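In the two complexes below, subunit A is the common chain; its partner is subunit B in one and subunit C in the other.
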Partner chain A sequence: MIVTRMGDGSFIKMSEEEVKADIEAGVEDAVKRGKIEPLTAAEIDYLVDICCRPQKFVSVQQGNELILTYDSGTLKITRLGIPIGMPQIMQIYERAFAADTLELAYVHYSFKPIKMIVPEEQYAVAETSLVTTAPLFYGAMPNLPLYTQPDGPCPNAAELLPAGKIAEARAAQEEAVEYAVKDMVFVGSGVYEAGADGIDFDTTAAAGDAEFQATLLACEQLRAKYPDMAIEIGMAGEFVLGFHGQLEYDGVRLAGLYPHQQVKLAEKAGASIFGAVVNTNSSRTFPWNLGRAVTFCKACVEAAKIPVHANVGMGVGAVPLVMTPPIDCVSRASTAMAEVGKLDGL
Partner chain B sequence: MALTHMHASGMGGIRTAGDLVARMQMSKKMRLNEAKAYVAGKLKISVADLSDEVIMNEVRQDLDIATVYGGMGEQSRGIEAKFRIAKLLDLEINSVSRFLRKTEWR
Partner chain C sequence: MTETNDLLKKVIESVIGGDEAAAEALARQALEQKMDPLQVINEGYVVGIKQVGDLFECGELFLPELIQAAEAVKKATELLNSAITGGAESSKGKVLIATVEGDIHDIGKAIVVSLLVANGFNVLDLGRDVPTLDIIAKAEEFKADVIGTSALLTTTMVKQKELEETLVKEGLKSKYKTIVGGAPVTVRWAEKIGADAYAENAGEGVNKIIKLISGS
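Right after this comes the complex of A and B.
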């Protein structure tokens, strides 16, 4: 029997036939939802092989390595309660963790609170850029809900919608988009002027289509302002929620887009790297989630002209939805994304 | 998790040529294989050598573009290495350009 896990992280045992059947079912689910091509029989067999290997840790073959970017890299150390400064954390990532790229991030990981402390963040960026060699991102979340009452200036769409005030809810989101774009461009400009190589918009569209539109508009403005700036748009989920429902970018309705469609808009907005996300279903098995995630990501890679870095972490990219992602699943997802999904990075 | 990915599929950062390939993705929007080929060409090594820690450590020492032991001896480190990388890869690096502006070298 094969030992694997559920999407909630618990161990289960399956036969090889059951593993293959679940991978095929995951592939089929992605095909049906995304209206995309399935994996080939050979690719499915390779995923079965990855899932069924007895080793705890699985890796790519020599030569199949890819590039790693890190959402909120700095905070991964801060959260462990290790009290060291951001430049030192970046040095550890570079020289001890063998990171291909670095990402500075403030503990309040959203553009709205960061705009108040941009001078301090610029200091950290400038200091870090002097003592590190690897390319340096500054990352934060667009986080549109922070612009709604009582935390922000705009009426709260989440309160207006249940009250049946659809037009008011839409107007509130459109107002929030304007605030968010200004903050993202302000912070992005600040950290780039201080010496960062680029900006990472992390968990884009967590609040739905309005947040996706805000991020694309901010990306467009930053690209016009800084032609050489690296801009990564990393998504929050596989499917853009239609919380507004009517918003568009470049004539394309944003609600309901899947990764292979999202990446085309990121390209038009001027992004350098697109971060595809496929959510993990905690009630399904790891093989089911792996088949599904790789199918979506492969379709995105094939549609893209820019590098695609899949998000493969807690609850995304087939990794179980737990705080301590198990190495057996992470290493298998990492390998599958590189060798079957043909990702440019993770 | 970062360490698991690094071991499973990562290029290896400045242990290898990971940072250099990443720069081509970030600055020129190059896809993975194109970026690897470009960097290998500039370094005059094979694509397979890019993720070999042994070869790349020597290559990085020879080119003086920083290794994980960047603090030791006479090696370039940090911004010093980035000056050399910008020239090597024929690339604008933002922090290098800023350094030049601030020191009025450009």
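Right after this comes the complex of A and C.
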């Protein structure tokens, strides 16, 4: 029997046939939802092989290594209670964790609170860029709900929608988009001018289509302002939720887009890297989630003209939804993303 | 027969289109034509809202459209219900629903409520951040068949366990069927705490509640 896990991290045992059946079901779910091509029989067999290898840690063949990046790097070490500053944390990522890019981030990790402390963040960016050599990103979340009551000036769509006030809910989200774009452009400009190589819009569209639109518009403005700036748009999930439902970018309705469609708009807006995300279903097995995540990501890579980095971490990219992602699943998902999904980075 | 089918087809279209005015007008037209209100509900509005649920599930319709459709069904079925013999409601059962204490998320719950109402259930929505004892007290008062709870946080889902434990402690567990949902909640969690059912999404919630009430 093969020891694997459920999406909630608990151990289960499956036969090889059951592993294969679950991978096929995961692939089928992605195909049905995204209207994309399935993995080939050989690719599915390779995923089965990855899942069934007895080793705790699985890796790629030499030559198939990927760019390895970490988001919100400074927050993760800070959370451990280690009292060191941002530049030193970035040095640890660069020199101990083998990160190919670095990401500096403020603890609130949202553009709105960061706009108040841009000079402090500029100092951290400048200081870090003097002691590291890897490309330095500054990352934060668009976090549209911070612009709605009680945290912001706009009416709260989450209260208006259940009350049946559809037009008001849509207007409130459109108003929030305007505030969010201004903050993202302001912060992005500030950190870039202080020496960051780029900006990472992390967990984009967590609040749905309006947040995706705000991010695309901010990306477009930053690209026009800084032609050489690296801009990564990392998503929150494989599907753009339609909290507004009618918003468009470049004539395309944003609600309901899957990764292979999202990446085309990110390209149009001027992004340099796209962060594909496929959420883990905690009620399904790791093989099911793996088949599904790799199918979505592979379709995204095939559609993309810019590099695609898959999110492979807690609750995304087939990794179980637990606080400390288990290495058996992280290493298998990473291997599958590299060798079957043909991603450019993780 | 063709006239009836045409009207039912228009009813379904009005629900999918979220056209409240058309849905209501068609309900009035059905009553004027002496059609059976129950047939119009079951073969028109319920079919329409089920299709809306399927389209929502597939990501082809979104939250605003879902709510518009549910509102359209609610108003039209209220009219038809009032015309059913003696004005009695054709409720499929009583469902009490709440977001557990400490949790203020209720968009998902609102979708479930809309679908349940549209499917003919009598629903008491206690809102969000509701203490366990209040849920039980209201269930007793409302004479609920099913108690549904939602939790969006790992820190608040323990309140679903508290509800199950309290129902057992108070000797009320056999009186109600319980169903749990919410982002961190899983079927294994439901089994672990002793809930009668778990629903991954709103559509499944309605189907599970129908099964719980029918005992199948």
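As a working rule, the second predicted complex is superposed on the first by the 346 of 346 C-alpha atoms of A that agree within 3 Å, B and C clash if a C-alpha of one lies under 4 Å from a C-alpha of the other, contacts with A are read in each partner's own complex, and residues count from 1 in each chain.
Rule of thumb we're sticking to: contacts are C-beta pairs under 8 Å (C-beta built on N, C-alpha and C of every residue); 3 or more make two chains touch, one makes a residue touch a chain.
Please read these numbers as outputs of a predicted model, since none were measured by experiment.
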Notebook entry, point to check: Where does A:Ile166 make contact in the superposed view: on subunit B (first), on subunit C (second), on both, or on neither?
Noted result: second
Margin query: If we overlay the two complexes on their shared chain A, which of subunit B and subunit C does A:Ile44 touch? Say first, second, both or neither.
Written below: neither
Next item on the list: Scan A:Ile233 for contacts with subunit B and subunit C and give back first, second, both or neither.
Entry: neither
Note to self: One more residue to check, A:Met6. First (subunit B), second (subunit C), both or neither?
What the structure shows: second
Notebook entry, point to check: Thinking of the overlay built on chain A, is A:Met86 touched by subunit B (first), by subunit C (second), by both, or by neither?
Noted result: neither
Next item on the list: Tell me which of subunit B and subunit C touches more residues of subunit A.
Entry: B
Check: Who does A:Leu216 touch here: subunit B (first), subunit C (second), both, or neither?
Finding: neither
Next item on the list: Report, in rising order, the residues of subunit A that make contact with subunit B in one complex and with subunit C in the other.
Entry: none
Note to self: For a test of understanding, state which residues of subunit C touch subunit A in their complex under the given definition.
What the structure shows: 58-65, 67-68, 71, 106-107, 110, 184, 186-188, 200
Note to self: Quick check on the complex: what are the subunit A residues that touch subunit B?
What the structure shows: 57-60, 62-70, 73, 76, 93-101, 129-136, 192-198, 228-230, 232, 272-273, 305-307, 312-314, 319, 325, 327, 330-331, 334-335, 337-338, 343-346
Check: Quick one: in the complex, what on subunit A touches subunit C?
Finding: 6, 8, 10, 33, 158, 161-162, 164, 166, 169-170, 209, 239, 241-246, 255-256, 282-283, 321
Check: So in the complex, which bits of subunit B are touching subunit A?
Finding: 1-16, 18-19, 21-23, 25-27, 29-32, 35, 47-48, 51, 65-66, 68, 70, 77-79, 81-82, 85, 92-95, 98-99
